[in-house]
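Read through the structures below before going on.
Both complexes below contain subunit A, partnered by subunit B and then by subunit C.
Here is the complex of A and B:
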C-alpha cells in the first residue's frame, strides 16, 4: 500500500485503560508507529489529522446524548471500526446503571444534579453503529491489540479465539479452582484472551472478557447454586465489567428471579 | 521407550526410603524426573527431585465436577488416583512451535523445530494412563503419518507405573479393562505395601536399572501381597458398580457397560438425551483438555507486526469449539448437543472404526473436571435405556 493507513483512537465513557494498552505495548509501539499513521490519538499526542481514517479504534461506552451523536460521526469517518474493551463491547462496569434509577443516584452524588446530562443506560458501541470487530477485555490484552493491527495491515483474520478461559487454564496446567476448591468461577462461560490470569493466582475468573461463543451461563449458575453458592453472589459475579453483555445480563436476571435453578439445567 | 512384555523381567523390593534412590538413579541416567505433587489443591505432574515431594498422606475424593484433596495419615505416596494432568502433557504439549519462517532480503527461510531430546521419566503412571499412551501411540506413530515431535518425546520416556490400591468414585478402569493394575507398557511398576515397594520391571531398561541398583528381589509373600491388593481392588470395583460409596464424596462407583456400545451409540443419534445434555453442557472444552487421549490440535501462524517473522504453533484444540468444525461455509456442528454427541460417539464408538480400539480408558477425568459434572457413564446408560 502506498500511503500508511491512518489510525484514529476515540474515547467514550471509559477509564482509558484500554487505549493505554496501545501505549503500553512498548516493544511493539515503534513498529506500530512505523506501520500506520497515528492520525488521531489524544492520549498520545495533541496534534491531530482530520479524517477520514482507515482504522478507528473506539474505547468506552455510550452514556450521554452527546456520545450518541458523536459515535455516528466517528463511524462515518472510519473505514474499519473496532471497539475495544468491556465498555465499548458490553457497556462496561457503568452499565450497572441499567438496573438502577439514574436520577435517584445522581441526586445523591452531585451537589447540582441539574448540571448532569446523562442517559439512563450505558450501552456498547455496536448498539449504536455497525462495528467491524470487537476486541474484548477489561482491560484488553495488548498482544491481542497488536495482533489485531497486524491482521488489518495484512488483510487477514485476527487470531482472537472465542473459546473459554478454561482452554487457557488447561493449556498452562492451572488447577481448576471451581472443581478443586468449589469456588464459583466464570471461566467456563468467559472468552479467553487474558491468559487465565486470575485462576493462575488461585482466584476465580470474574468474566472480564465477556461471554465466550455460545455460552451457557444458566447451566453454570444453576450448578453453582446447587453446590451452595449464594444466589446474590452469582448475580454480582455475572453483573461485573460485562454485566450488559446479553448472555451475562439474561443469566443474571434469571438467577435473580430464581428461575435459573430447577429448569432444564437441574443436575440429575 | 518400552517394548512388548516379556515373561522374565526382573523384580525388586524397595524400602520406603529407597524411593529416593530410584529417583536419583533416573536423574543420574539423565532423565528429568516428573511425578505427582500437591499443587493448588490437586495432585498434578511436576518435577520431582526427592521422594518427600510426593503426596504422602493425601487421597483425592472425586465426583462429577468435584475434586478434593483429603489428608489421610494412613495413605502412602500413591494412594491418590489421577488428577487433571496426564502423560499427554509430556508427549503432546499444550503448545508447540513446529516451524519458524523468517523473511530476509526478500526471501523466506523455513526452519522446522528441532526435535525435543530431553529424556523424561514419569513416576506414578496408572494403568488407565498407560492405555491412554497406547491410544495416542496408535494415533501419532502407527498410522500412515508419524508425528516426529511426538515420536521424539515418546522415545525418550521412562515410565514408572503404579498399581492402584485405591479407586476414586469416578474411576471405571475395571469396565474398560485398563486397570487398576498396570497392564503393560511400563519400564517399572510399583506396588506400594505397608513396608515398602514391590518393583516389577516391564522392559530391558527397567531390568537394567534394577540390576545396576542391586536391589534385592521381593520375597514370595510380598510379591503375592502386591498382586492380591490390586486384584482385590478390581473385585471391589466390580462389586460396588453403581453403589454409593461413603468416602467423603458420597458418590456412586462409576462403571460403563461397553456391550455393543459402537452400534448402540451410532444407532441412536436422534435420542432425546443428546438435546438434554446440550442444555447442561457448557462447551467449555475441559473434558477434552483433561482427556488423556483427546489429540486434536490447531495449527496457526503467529507473526510479528511486519509479517517478517512467523512461527507456526500447534496447540491443544477441542471439538467443543465452533472453530473446530468450521469449513468455508461455516460451522458444521452448530449446537452444543451436536458437539457433545460428536465427542462421545467418537470416543466410544467411531474410535473403534478409526483406530481399532476404544478412545476411552476409564480414567474418569472428564467426569471430575467437567464444571457442571456431566458424567459420560450416566449419559451412555441413559442413551442405552
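Here is the complex of A and C:
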C-alpha cells in the first residue's frame, strides 16, 4: 500500500473556527482521517509526526516576531501550503490594529503591556511565504474544505467559485436587501462561498469571504453614500474580517479620506 | 538534597488555542507551576471602541470559533441593558434554544473527541474511533445535531449571522425546526447513553474545596439569566460583578487571570460549578439521570466534569425538544427596535466553559466607547494552576512523558479555550538536568 499523504494543520493568530470546520465535517471526518495521515493537528490529537508534510493547512495571521519566523519554517516543511480563512488570507479582524497605534490597544486590554510582545500589524500568510492555495471565509465553508482536501488527493484544482455573493443570492431567489431595504450590502463585491446566508436572513452582507475577483468597492461605497449611507458606516463595513485585503483596505481608506468618487458601476 | 526536576508541555493538545505548561520541582515539592498562555493577543477590547452597537455581536463572535454564541449572547444582553431595550418572552426562549445548540455542539466535541480519549488511553478521538467507532460516530452525530440547530437559528454553526441586539434579524423558520425533532429525540437518548458511558470511567481520587461560581436562576438551569452565586455564599447581581472579581496580569500570559476579591483567591466556573450550584434547576429527565448515574452530586472531583458535561447534554437536548415542540408561531417582529443613546450595560451568560462577563459603554456618538470581556478560561486559569500544584506530587513517580500526559488530562477537565482567554498552553516539567537524567528509565 502506498503511504498516505501527510497532512498538518498549523494555527497562528485566530479563533480556531476554521480548523474547527474540519471537525465540524462530521460526516466526512473519519473518511478524511482514513484517506490521509493526520500528522500534526494539535487541536484534535496529541500524537505528532515530524515533517516534511505533503499538505500544510494554515489558520490564522502573523502578529508576532516568533510567528514571522515560524511560518517560514512551516513553509519549508510543507510541499503544498494552503491558507484557510480570513485571518490567514487577509489578516482577520485583528488586522484592525493596522490602523491604530498598537501600544494603545495593548495598554487598553492588558494591565502590564511590558509582558506582551507583538507586532504592530496583523498580516496574511501570503505576505510572508508563498501560498499554493487560499480558501476564503470567516469562517471557511466546511464543504469547500472537504472539496479542497479531496481535490488535492486526486491532484486536481479545487473547484471554488470566484463570483460574488450577489450571484448566490439570485440563485437562491433572495430579494436584494440593498434594493428592497436600502441598506448598504457588500454582496456585489464579496466573493461567494457562504451561500449568501445574510441576505436570506434579512440583513446585509458584511464581507466574510473578502473581495471577489476585480471588485470595485470604492464605487459601490460611493453609490451607497449617494443613496444616503453614512460615510463612516461604510468605512466600518469594509473594515471587518477582511479589512486588510487590498481591495477593501484601499476602498475604506479612500472613503474615509473623502476621495471616493461617485461612479456607481458596482451598484447592486 | 532532592534533585530538581522540570516537566514541560511545549504545546498542549486537544485544547482550543495555544498554551504551554511548565512545572518545576525540588524533589517532590512543587516549586513553580505556570500555565503559559502564549497565543498571540488579538486586542478585541481595543478595536471594539468606535464600532457600532449592532456590529458588536458579529465582531465578538470571532473571539472563539467553538463558543461564538456565548459571546453574541453576553454582548447582546449587555448592550440591551445599556440602551434600555426589553426583549419579548418569545425571543428570550429562542435565545435559550440557540444556547442549547452551542452547548450540544461544544460538549459533544469535548466529551468524545477531546476528553474521553484520556480516560480510555488514546491519544485522540481519531485513534479512539479505530477501536470504538460506534461511540465516536454517536458523538459526531450528537455534535452535528447541535450544529444543525445553530444553522437553522443562526444561519451557520460557526459565527452565526442571525443574532443581534434586540433579538434576531429574521425569526427562525418553524418548519425547519420542527423537522429537526426526530434528530433531537435521537440526541436525547444518545446523551443518556453518553452519561452511562462516561459515568463508568475510572476517575482519579480527588477532592478540593473549590470555590464554585456560576449564574443561578430560581426557575431554570442557567444560560442567559441569573444572579452570580458562589459555593461560599456569594450572591450578587451581575451589575456588582466587578466589585467581587478582578483581573490580574501575569507575566507568563497573554490572558488576564481572574481572582475573587477580597482574598484574591482562585475559583472554578463551568459545568461542575453549574451542577453544584444549580442541581435543583436541572430539567426533570436530566435530574433523574444525574441522580442515578452512580456519582454523588455535588462532586468536588473535577475529573467528574466530563460527567457533568454529559448531564448538561441531556439537559440541553431535553430543553431543545421542549422549546421546538412549543414553537408554533414565529415571533413578529423578530427583534426589538434599536434606539441608540449613551449608556453603560453589563451582563453575564453561561458559555459551555462557564461564566462569560461583558460590559459596554455606549458614547455620546452612539458608538462603543469602552468594552470589557472576561472569558471563562481566564477565570479558571488560577484554579487550573492550583489543581496542578496539588496534583503534580502524585505523578512525580512517573516518567516525564506519563507525568505530563496526566497533567494535560487534568487541564482538559477545564476544557480550556485559550483563544477565548485570548489565547492556549505548552507543558514544561522542570526536573532540573540531573533529576531528568536520574528519572529516565
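Everything below uses one rule, namely that the second predicted complex is superposed on the first by the 259 of 268 C-alpha atoms of A that agree within 3 Å, B and C clash if a C-alpha of one lies under 4 Å from a C-alpha of the other, contacts with A are read in each partner's own complex, and residues count from 1 in each chain.
We adopt the following convention: a residue touches a chain if its C-beta (ideal position, glycine included) is under 8 Å from a C-beta of that chain, and two chains touch if they have at least 3 such contacts.
Everything numeric in this text was worked out from a predicted model, so none of it was measured.
J.: Per the contact definition in the header, classify A:153: touching subunit B only (first), subunit C only (second), both, or neither.
T.: first
J.: If we overlay the two complexes on their shared chain A, which of subunit B and subunit C does A:163 touch? Say first, second, both or neither.
T.: A:163 sits against subunit B, while subunit C stays out of touch.
J.: Quick one: classify A:187 as touching subunit B (first), subunit C (second), both or neither.
T.: Once the two structures are laid over each other on A, A:187 reaches subunit B alone.
J.: Contact-wise, after the overlay, does A:172 reach subunit B, subunit C, both or neither (first, second, both, neither)?
T.: first
J.: A:69 in the overlay: touching subunit B, subunit C, both, or neither? Say first, second, both or neither.
T.: After superposition on chain A, A:69 lies in contact with neither partner.
J.: In the overlay, answer first, second, both or neither for which of subunit B and subunit C A:202 touches.
T.: After superposing on A, A:202 lies in contact with both subunit B and subunit C.
J.: By residue count, which of the two partners contacts subunit A more extensively, subunit B or subunit C?
T.: Of the two chains, more subunit A residues are contacted by C.
J.: Can you list the residues of subunit A that meet both subunit B and subunit C?
T.: Shared contact residues on subunit A: 202.
J.: Going by the contact rule at the top, pick out the subunit C residues touching subunit A in the complex.
T.: Residues in contact with subunit A: 11-18, 39-47, 49, 51-52, 55, 58-59, 62-66, 68, 109, 113, 123-127, 129, 133, 136-137, 140-141, 143-144, 147, 155-159, 161-162, 164, 168-170, 247-251, 253-254, 256, 334, 405, 408, 419, 422.
J.: Any idea which subunit A residues touch subunit C in the complex?
T.: Result: residues 11-21, 23-24, 26-27, 29-30, 33, 38, 42-48, 63-64, 67, 92-94, 96-97, 100, 102, 104-106, 108-112, 115-116, 118, 138-139, 194, 197-198, 200-203, 206, 208, 233, 236, 240-241 of subunit A touch subunit C.
J.: Give every residue of subunit A touching subunit B within the complex, in rising order.
T.: Per the stated touch rule, the residues are 28, 31-32, 35, 146, 149-150, 153-154, 159, 161-164, 166-167, 170-182, 185, 187-189, 202, 212-216, 219-220, 223, 227, 264-265, 267-268.
J.: Note which residues of subunit B are touching subunit A in the complex, please.
T.: Listed in rising order, the residues are 39-42, 44, 64-69, 83-85, 89, 94-95, 276, 279-286, 289-290, 300, 302-307, 315-316, 318, 320-323, 336, 368-369, 371-373, 378.
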